[in-house]
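First chain A sits with chain B, and in the next complex the same chain sits with chain C.
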Partner chain A sequence: MLSLYALYAKMDLAWLLRDRTFAVLAILADVISNLSSVTGIFLLAWRFDGLGGMNRFEVLFMLAYTTVVTGIFQTFCSGGNTGHISRRIGRGQLEHMFIQPVSLPMQLATEGFIPFSGSSNLISGAVMMGIALHNLDITLPWWWILSLAGNLLITMAIILGSSYFAACFTFYAPVQAEEISSFVIDTFGHISTFPLSGMPRYLQLPLITFIPTGLLAWFPTLALFGKAPFGLSAWYPLLIAIVIWLFAVYFFRKGLNHYVKKGINRYHPMGHRR
Partner chain B sequence: MPAMHKYTATALTALRGQTNGGLVYLLPAIIVRLMYLLPLMFLWRVIADGETDVGMTLTQLLTYTYVNALLSEMLVVRTMASAWNYEGQLINLYARPFPIFGQLIAQTVGEWMPMLLVFSLPMLAIAPLFGISVIPVTGWFFPSLLLCISLGFALDFIFACITIRLRGMAWLGHSIRMAVVSLFSGTVIPFRILPFGLTRIFEVQPFGSLGGASLSLFVGASDPMRIIIVQAVWNIILWPVAIIWFAQSKERLVSYGG
Partner chain C sequence: MLKRASTDTIPWDTADKNGGIHVQGVTKTFTQWQRENAGKGILKNLLKPEKKTVHALDDVSFTVNPGEFVAYAGPNGAGKSTTMKLLAGMLRPTQGHISVLGMSPDKDRIRLMHKLGVLFGNRTELWWDHPILQSFEWKRVVWDIPDAVYKRNMEMVTDLLDIGGLLKTFARELSLGQRMRVDLAMMLLHSPTLILLDEPTLGLDVVAKRQMIDFLKKINRENAVTIIVTSHDMDDLEEMAERILMVSNGKIAYNGSFDGLRLLSASYGVEIKTVVIKKAPIEQVIAGLYKAWK
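What follows is the complex of A and B.
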C-alpha cells in the first residue's frame, strides 16, 4: 500500500513539474474556491460577534475544520475520481480497474492520492485552524490533537460513506446518476458551513441523523471544545459513520454484482461518451 | 415573426430536454434548492434575534433569500457554453444558421422554464405562509433584473473564453467561478450586512451587479438609481469585451472533448 502511495505521489509531482502554469492555477483554484465558500459565513460571524452562541473564532475554527476536511478529501480521494465514485461507475470505468493486478479496495484506497497538487486546502485550513485556536485563548491537553485527528477521520468516513452509498444508484442508472456523488459531496459540504447553534431543534436533529451534514463540522467543533450538542457523546458521529458504511458496503456489493453481469457501455469506439 | 421561430424552437427543445425523462429528474435540483434555502433562512432568524443592529429587517433578509431561490438561474446566469466547449460540442453551433450567442441565450432561457414552472411558481404561491412578500418594494426591480440577466450572459461568455483558453483544465475555471460568484454576486449574503465597510466595494465590482443588486432593490435595501447606473455601466463595458474576446477565441475551439 505504501509503495502505491509513493507511486501516486511521484506521478503527482511529475504532473506538477510538467506544466507548472496549470499546476499553480489548479492549486490557486482550489484555495480560492474553498476560501470563497467559507468567507461569507466568517464575515457574518465577525459582523455579529459570533453566530448562535458560537463566538467568532469558534465559527472560524468550524470553517477551518471544513477546509481541512476538504483538503484531506482532495489529497486522498481526488485523483481518478475515487471519492466521486459515481463518475467511475457511471462511465463504465470500473472495468479498467478489474484488469489491474491489485484488488479493487486497494486501488480505491490509493489511486486518489495527490499530495502535491491536492493539499493546498489542507495547508490553508490548518493555518486557519491555528489562527482560530490562537485567538480562542484556551489551553488544550496534549491528547486533544489525537481527538482532532480522530474526528477528522470520522468526518471523512461520513463523507466517503455517503458518496459511496449514493453511488450505488449509478450501477442501475449510469447516465442519470453519474454525478450523484458530486451532488452529495457538494450539497453536504455547502450545508456543513452553517453553524447550527441557535437554530431550532427540528432543523438540528435531521441534520445530525438522516442528512448528517451537521456532523461534518458543527458537531465535531463543539465536541472538540467539550460542548457536544444535545448532551450526546463526542463520539456520536462514529456511530453514524459506521451505520452509513454498513449500508454503503451492502448496497455497493449488490450493485457491483449487477455491474459484472450487465456492464456499462458508455463509450463510442471513437472515445466519446454517450 | 419567422426570424424569432428558430430561437423559440431552440428554447422549446431545451425545455423538453430538461423534462424528457419526466419531471422526476428535476427532483435533485429542487432538493438542492431547498437544502440551500433552509439553513440560510434559519441563520437570518438567529442573526435577527441577536443584539447587534443587522441593517436589514428579518422580513427583508428572508425575502432576499427566498426570492433568490426562486429566480436563481436568472440572478446568476449560466449557459452551456463552458460545458459544451469542454465536451467538444460548442463548435457544432457554427453549423446552425443563426448567431452563437443567440443560440446559447435561447437554449438557456428554455432550460429555465421547467424549474420556474415546477418550483418557483408553487413557491411563489406559498410565500405568504412564511411571511414573505413577493411584491417588489420598487418597480425599478424589473429593469434591474433585465440588466442583471444581460450582464450575466456577458460574464458567462467571458468565462467561456477563459475555459477555451484553459483547454483541458476547464474545470479550473468552473470551480473558481462557482465559488467567487456565490460570494461576490451577493445572492447568498446581502452586501448590506457585510463588515469592514465592504458593502460599497462589493456593490461596485462587476459581479455585484448580478443577483445581489436586483435582490437589494426587491427588498428596498438600496438606492435604485445608483444600482441601475452601476449595472448599466458594467453592461456597457463587459458586452464588448465578451463579443470581441469570443470572436478572438473561436479559432481555439476544439471539436473533440469528453
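What follows is the complex of A and C.
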C-alpha cells in the first residue's frame, strides 16, 4: 500500500512540475479559489461581529475546518476521480481497474492520492485554522488535537460515503448519474460553509440527519468547543458516518454485481482523467 | 462438410485445463431498451418499458491450449469483445463455466491478472499526461514485477518494438501506431503467459501493423505465450494465427484451421482467398457458414 502511495505521490509531483508556468498558475489559482470561497461568509461574520451565536473567529474556525476537509478530500480522493466515483462508473472505466492485480478497495484508496497538486486547500485551511485558534482566546488541552483529527476523519467519511452511496445509481443509469458524486460533494461543500446556529430547529434538524451537511463543519466546530447542538454527544457524527457507510457498502456491492453482469454499454477513455 | 470441419477442433476435455482457456456452455445475455418513436409508444414506455433480450453469446464452448495462437473472428456485434471481456473478468457470464490458466476470471481475478495480458485496440492503459517511462514504472509497482524481470522485459520490448525513442514522450503526444506499440510493450512487462488482444491492428498503417504482427508471432513462437486475437481483417488473422474460431450471432460457427475454413467456404461458393476478401467480406462468409451450420 505504501509503495502505491509513494508511486502516486511521485506521479503527482511529476505532473505538477512538468511546466514551471503551469505549476505556478495551478497553485495560485487553487489558493485564490479556496480563499474566495470562504471570504464572503467571513466578511459577513466580521461586519456583524459574529453570526448566529458564533463569534467571528469561531466562524473563521468553521470555515477553516471545511477548507481542511476539502483539502484532505482533494489530497486523497481527487486523482483519477476516485472520490467522484460516479464518473468512473458512468464512463465504463471500472474495466481498467478489473485488469489490475490489486483489489478494488486498495486501488480506490491509493489511486486518488495527489499530495502536491491537491494539497493547497489543506495548507490554506490549516493556516486559517491557526489564525482562528490564536484569536479565540481559549486554552485547549493536549488531546484536543486528537479530537480534531478524529472529527476531520469522520467528516471525510461522511462526504466520501455519501459520494459512493449516491454513485450506486450510476451502475443502473450510467449516463444520467455520471456526475451525481460531483453534485453531492459540491452541494455538501457549499452548504457546509453556512453557520446554522441562528436557523430554526426545523431547518437545523434535517441538516444533521437526512442531509447531513451540518455535520461537515458547523456541528464539529461547536462540538470541538464543547457546545455540541441539541445536547447531542460530540461523537454523534460518527454514528451518521457509520450508517452512511453501511448503506454505501451494501448498495455499492450490489451495483458492482450488476455492472459485471450487465456491463455498461458506454466507454469514455481514461485519457482525460485530469 | 460441417461435420468434417468440426473434427478439426480440439475437444475441450483433452486440453490442459491448467494452462490454456476452457470455455464451456457460456451464455451471455444483455437487455436492450426498445421504444416506438410516436406519442403512444412514449407513453407506453413510461408505464411499461419495453426491453429486448440479446444473446451476445449463446451456449459457447471452446478450448485454447497453452502456446496456441488463436484468431477469434466475427462480424460486428457477433460477441467477440464480450468473449474477451468474459475471459478478462470484466464481465460475468449469465450461464456456463470459464477457466483461464486454471483460474476463474471472476473469483481469482487478482491472481489471474499477474499472468494475463489484455489489450483493447480502442483503449489505452497508458497515463495520458506522463512520459511512457512513467507508465512503465507504474506497471512495475502495481504488478509488483521483480527488478530483474522488469529490466529484461524492458530491454526486450524496447528493442523488438523499436520504442526506445518514444520512452520520454508523453502518451498524449503519440500517434495511434506508436501508442499501440507502446501499449503492447507495457502489456508484456510482467511476462504474461496468456494474451488477449481485441482489435490490436485497428487503425494501424501497413508498417505499424507489420511490426505488431511480427512481434506477436515472435513472442508466441519463442516464449510460448498463448494468444487470442480478434480482428475484422482476415489477412491479418491468417498471418498471425494457427487456428480460427468464428463467432456469429453469439454462436461458434467454425472452429478449426484456415485451410479447413477455406475448403468449407469454397464448398458453399464463398471464396475467402486474400485477393477476393474485399469482395466477400467476413460478414458474408460467416453468414454463409452460419446458414449452412444451422
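Structural remarks
Basically, the second predicted complex is superposed on the first by the 266 of 274 C-alpha atoms of A that agree within 3 Å, B and C clash if a C-alpha of one lies under 4 Å from a C-alpha of the other, contacts with A are read in each partner's own complex, and residues count from 1 in each chain.
Going forward, contacts are C-beta pairs under 8 Å (C-beta built on N, C-alpha and C of every residue); 3 or more make two chains touch, one makes a residue touch a chain.
Since the model is a prediction, treat every value here as computed from it, not as a measurement.
Using the contact criterion defined above for the overlaid structures, shared-chain residue A:L7 touches chain C, although it does not reach chain B. One of chain B and chain C touches more residues of chain A, and that partner is B.
Shared-chain residue A:P101: touches chain C; no touch with chain B. When both complexes are overlaid on chain A, the residue A:D30 reaches chain B alone and has no touch with chain C. Look at A:S233: by the touch rule set out above, it reaches neither chain B nor chain C.
In the superposition on chain A, A:T209 contacts neither chain B nor chain C.
Residues 271-273 of chain A lie in contact with chain B in one complex and with chain C in the other. Those residues of chain B lying in contact with chain A across their complex are 21, 25, 28, 31-32, 35-36, 38-40, 42-43, 45-47, 49-50, 52, 54, 88, 166, 169, 172, 175-176, 178-180, 182-183, 188-189, 193-196, 198, 256-258. Looking at the complex, you find that chain A touches chain C at residues 3-4, 7, 11, 14-15, 18, 95-96, 98-103, 260-263, 265, 267, 269-274. Listed in rising order, the residues of chain C touching chain A in the complex are 30-31, 82, 85, 88-92, 94, 106, 109-111, 113-114, 116, 118, 122-125, 127-130, 134, 137-138, 141-144, 171-172. Chain A makes touch with chain B in their complex at residues 22, 25-26, 28-30, 32-37, 39-40, 43-44, 46-49, 51-52, 176, 183, 187, 190-191, 194-200, 203, 211, 271-273.
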